[in-house]
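Take a look at the structures listed below.
You will see subunit A twice below: alongside subunit B first, and alongside subunit C after that.
On to the complex of A and B.
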């Protein structure tokens, strides 16, 4: 088994607002192996976005507070890192695409400036002495050779004053012509037909779909080892959603990056992800290969979610709904958080939260782990 | 509509045309107020004069004419470049031409301090929102805000000046300086003459009044920057800047501040117009040969032409400061179209 790119281990995140404490993430554990796409689904407010933000330490603290857990990225636990070291992890290490393309580009700068910045950051790091491999330009499609220093190497370097600023001052700026060419290359990569024109525009002069493509280009241009896509299509119109999704799918094929793909849309996940994690009220309740989870869900929430989703196989009658409502994160039910809404709940469910996901062995069929936090997974998949 | 240079020129032209009604209105109001408030200024000017002298004075200045006639005369003279004379016969326009630049120098210097110190303090405060840094910054700018100008000026002149070894009076240590005062801005004149010792001397003289003026008005820049930054910092584009792997300095001062400055600029523009007329006390205490001192004297001496001239200059100052703020705003925000 290959070394995972990312291991999230027992991550607990609270939001502390006044005297209230909301458990946004409770004991979330999973791994992402190189080149695999892990999809995370769940209802609004189940902690998906908190998870996406917690990994690269983007959560505003306060009100968020990481209570415990580890986020090990390429062998380095990110949570105890001093803030000053985080920029060296972000961008080339972990890239991110946000939910709202309308807000995620800076309104004051032209598209070129924002993309060039990302390219320059990567080029700067590639030119750092001691980086692995020769700084040969592999082109955006080749993710196999990555002449980037690992976070461990980045961390072992002596700190220069001002971090990236100091670095920028210390070495000559990369040739602007090359940066420009590379920016154009990435715009073409995200299927923008007229990149020369787009470069000169401001974000407000672009459509939502266009902006999301630029965000994708921006994240990819740093050749991140791990890409986090936080609902990249949710804020777009349905037609644009389909276009961006197709693009994402093609790019996932092309770049073979490791991706954490967060969505509330099961269909999107089914088309893009290799593995699927299902979240409910801050808990990861089931993880496994996408096809297996879809065919044989091992948690009652997953099964209910699948039945509630519109599908072309079910066109008659109303969709199923899940009885009850999502619990208040400040007063989670004891035991399994899903038990008040669960059709197969028994007395033990109200007391014992269920087996930890990490403790599950790989399934004999595929060799991959398909784990459920339910006490009675067989009963779910049997029905 | 648009953002081409032509649009900008049209925009500036239109705004400058708006100066005409503003200045006329301000001038008319001041004219009638002064002339109605003091019916017979000759008595004020020459309190112990014989009635015959007073009569001569009234005739000389045309005060026996109906008010509209006096206004018409004043207006035509004003347009011809004759802004009248003080009771002692000193012409108003040349005096203003010498005094306004000195005040402008003081205002620009303190504005520069407000921008260079006040804005970074606002960023610092937003960064440490609710924590120690935020409170320290608030204590600093609130103590400036709460300082009455007369008290601050006196403390600065008699306590701070000797402690720092800074001069607290005038523009130069020895006057008149051995070079022509072309612009009437002390530092600029010394620089133009290439006289380094005098330049440094002028900066020394400028330092304390400018710092005090900045200290008193700093709060507005810091406060507005702080709240604008607090609005901007949670936005997604700040997160995406962080996720590019940019350092905190670039994230704060390039990506966040660039957008927060749009608010700060507007407020600073309004403040700058006000600063022009807010220097009276500081100029008095520091013997700064600016328009503030002149305005004060013009009013107490019933020097009508002087007072109206000062008000006209203030009005122009406010309009131009706002215009500059609007242009800067447009340069900062690409969504603005020049209209």
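On to the complex of A and C.
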């Protein structure tokens, strides 16, 4: 079995607001292997975005607080790292695409400057291996393969200071032909017509779909080993969503990076992901290969979620709903958090939170883990 | 609903006509020119500021080009009303008011820029630091809190009274007055810049920059600073005028500058001539007018700058109305009228 690129182990994140403590993530564990796409679904407020921000440690602290857990990226646990070393992990190590393309581009910079900064960050790190924090392995995504450096080149290279101050002091290289060409290349990669014109525009002059494409180009231009897409389409209207999703699907084929794809849209996940994780009230309740989870769900929440999704083939009556409402994250029910709404709940569910996902061995058939936090996973698929 | 004619195509978002949008290093200048042309008041402010700056530089280099008399040169005429020979009149010592008002120009403008500029540099830097690194229970948070308490102490005094007290204790002189105003001026910039940093640093695009692997120092000086620069430049421009008024007030009350003397100053002129206000009003009218024009010109320029610097308001100039507004919807001929027919009078 290959070494996973990201291992999240027992991650707990609280939001401390005044006297209240909200358990946004509770004991979340999963792994992403190189080149696989893990989709995370769940309803609003279940902690999907908190998870996406917690991995590269982008959560605002306070109010957020990582209580315990490990986030091991390429063999390094990110949580105990000093803050000064985080920038060397972000971008080239873990890239992100955000939910709000409208606000995620700096309004004062032209498209070119936004993209050129990402390209320059990557080039700086490629040219100075190990100068800033941990050496960052280039991701499996290698769109333009760089020739290896010869010893003579390495010796003639100027030595630059490291650390955040060094990066701030390093003069931005003059707008070289290479950076410009590379920026244009990435704009074409995300299917932008007439990139020469788009380069000169400010974000407010672009449509939402265009801005999200720029965001995607920015993330890809750093060639991250792991890409986190946090609901990249939810702020867009339906037709643009379709375009961006088509683009994402094509890019996933093209770049073959490891991706954590977060969405509340089951259809999107079914088309893009290899593995699927289902979240409920801060817990990861089920993980497995996407087809298996869809065909044979092993957690009652997954089954209820799948039944509640609208399908164009099913028009017999109203959609199924899940009885009850989402629990308050500051007063979670004891035991399994889903048991008050669960149709197959038994007395043990109100006491015992269920087996931890990490304890499950890979299923003998596929070699891949299909784990469920339910006490009675066999009963779920049986019905 | 009535049938309507299809709407005409919308105006294009970006005007691609030749000359409509120039790019390259000179683009800010083109935008600036376009803003000035469309906004006559800013244009007037810009011209007046330019004229004053030009006059100040000229007076500083060679006063004889613009100024007919020296600051304490006897003209031979007492209490002359404004005339061609003495445009702003003369005083009871026989000095030319016009010459003195012009000779005060470099002093007053220089003081305005110097005080506002140093306050901007000192207060702005402290404000950036206090706003960006304010996480509680860290070194940055402690520095931030202590800075803010320090500004609170300064801001809890009425600034003019504090400046007067410092001037009095430091003694007479332009430098002392400048120091006194500076001491009361920088906390405003700490507050202003810190507030702007706080508003910007939680924006999603800052998180996005962080996610792209940009370092914290670079985020502060490139991403945050660039986005708060516009309101600060505008505030600075307006503030030069405020400093001018404050300095004139201090000159009027605390008399740090001896008038008549080698360096005339508008506030001290007004102080010196105040007793003659009813008899010879031109003696205080023209120095007062000079203060007014300078302050007004700077605030007009500040407004114009705001339009230039904000790319979102710049759009108004990029998207020139090329297409006429759509005509009002024409009801389909066969559609029944929705208006109730008035009952006929019988």
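Operating definition for what follows: the second predicted complex is superposed on the first by the 339 of 383 C-alpha atoms of A that agree within 3 Å, B and C clash if a C-alpha of one lies under 4 Å from a C-alpha of the other, contacts with A are read in each partner's own complex, and residues count from 1 in each chain.
Quick note on the criterion: contacts are C-beta pairs under 8 Å (C-beta built on N, C-alpha and C of every residue); 3 or more make two chains touch, one makes a residue touch a chain.
Being a predicted model, the structure only gives us computed values, none of them experimental.
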Clash-or-fit label for the pair subunit B, subunit C on subunit A: clash
Touched partner set for A:72, first subunit B, second subunit C, both or neither: neither
Partner chain(s) touched by A:58 [first = subunit B, second = subunit C, both, neither]: both
Subunit B versus subunit C as contact partner of A:326, first or second or both or neither: neither
Which superposed partner A:235 touches (first subunit B, second subunit C, both, neither): neither
Touching partner for A:12 - first (subunit B), second (subunit C), both, neither: neither
Subunit B versus subunit C as contact partner of A:117, first or second or both or neither: both
Subunit B versus subunit C as contact partner of A:104, first or second or both or neither: both
First, second, both or neither for A:344, with subunit B first and subunit C second: neither
Which superposed partner A:200 touches (first subunit B, second subunit C, both, neither): second
Subunit C-contacting residues of subunit A that also contact subunit B: 53, 56, 58, 60, 83-84, 87-96, 98, 100, 103-109, 117-118, 121, 125, 164-165, 202, 204, 215, 218-219, 222
Contact footprint of subunit C on subunit A as seen in their complex: 53, 56, 58, 60-62, 83-84, 87-96, 98, 100, 103-109, 117-118, 121, 125, 164-165, 167-168, 197, 200-202, 204-205, 215, 218-219, 222
Residue numbers on subunit B that touch subunit A, as the complex places them: 234-237, 239-250, 255, 258-259, 332-335
Residue ranges of subunit C in contact with subunit A within the complex: 13-14, 23, 135-136, 202-205, 207-218, 221, 223, 226-227, 311-312, 315
Subunit A to subunit B touching residues, read off their complex: 53, 56, 58, 60, 83-84, 86-96, 98-100, 103-110, 117-118, 121-122, 125, 162-165, 202, 204, 215, 218-219, 222
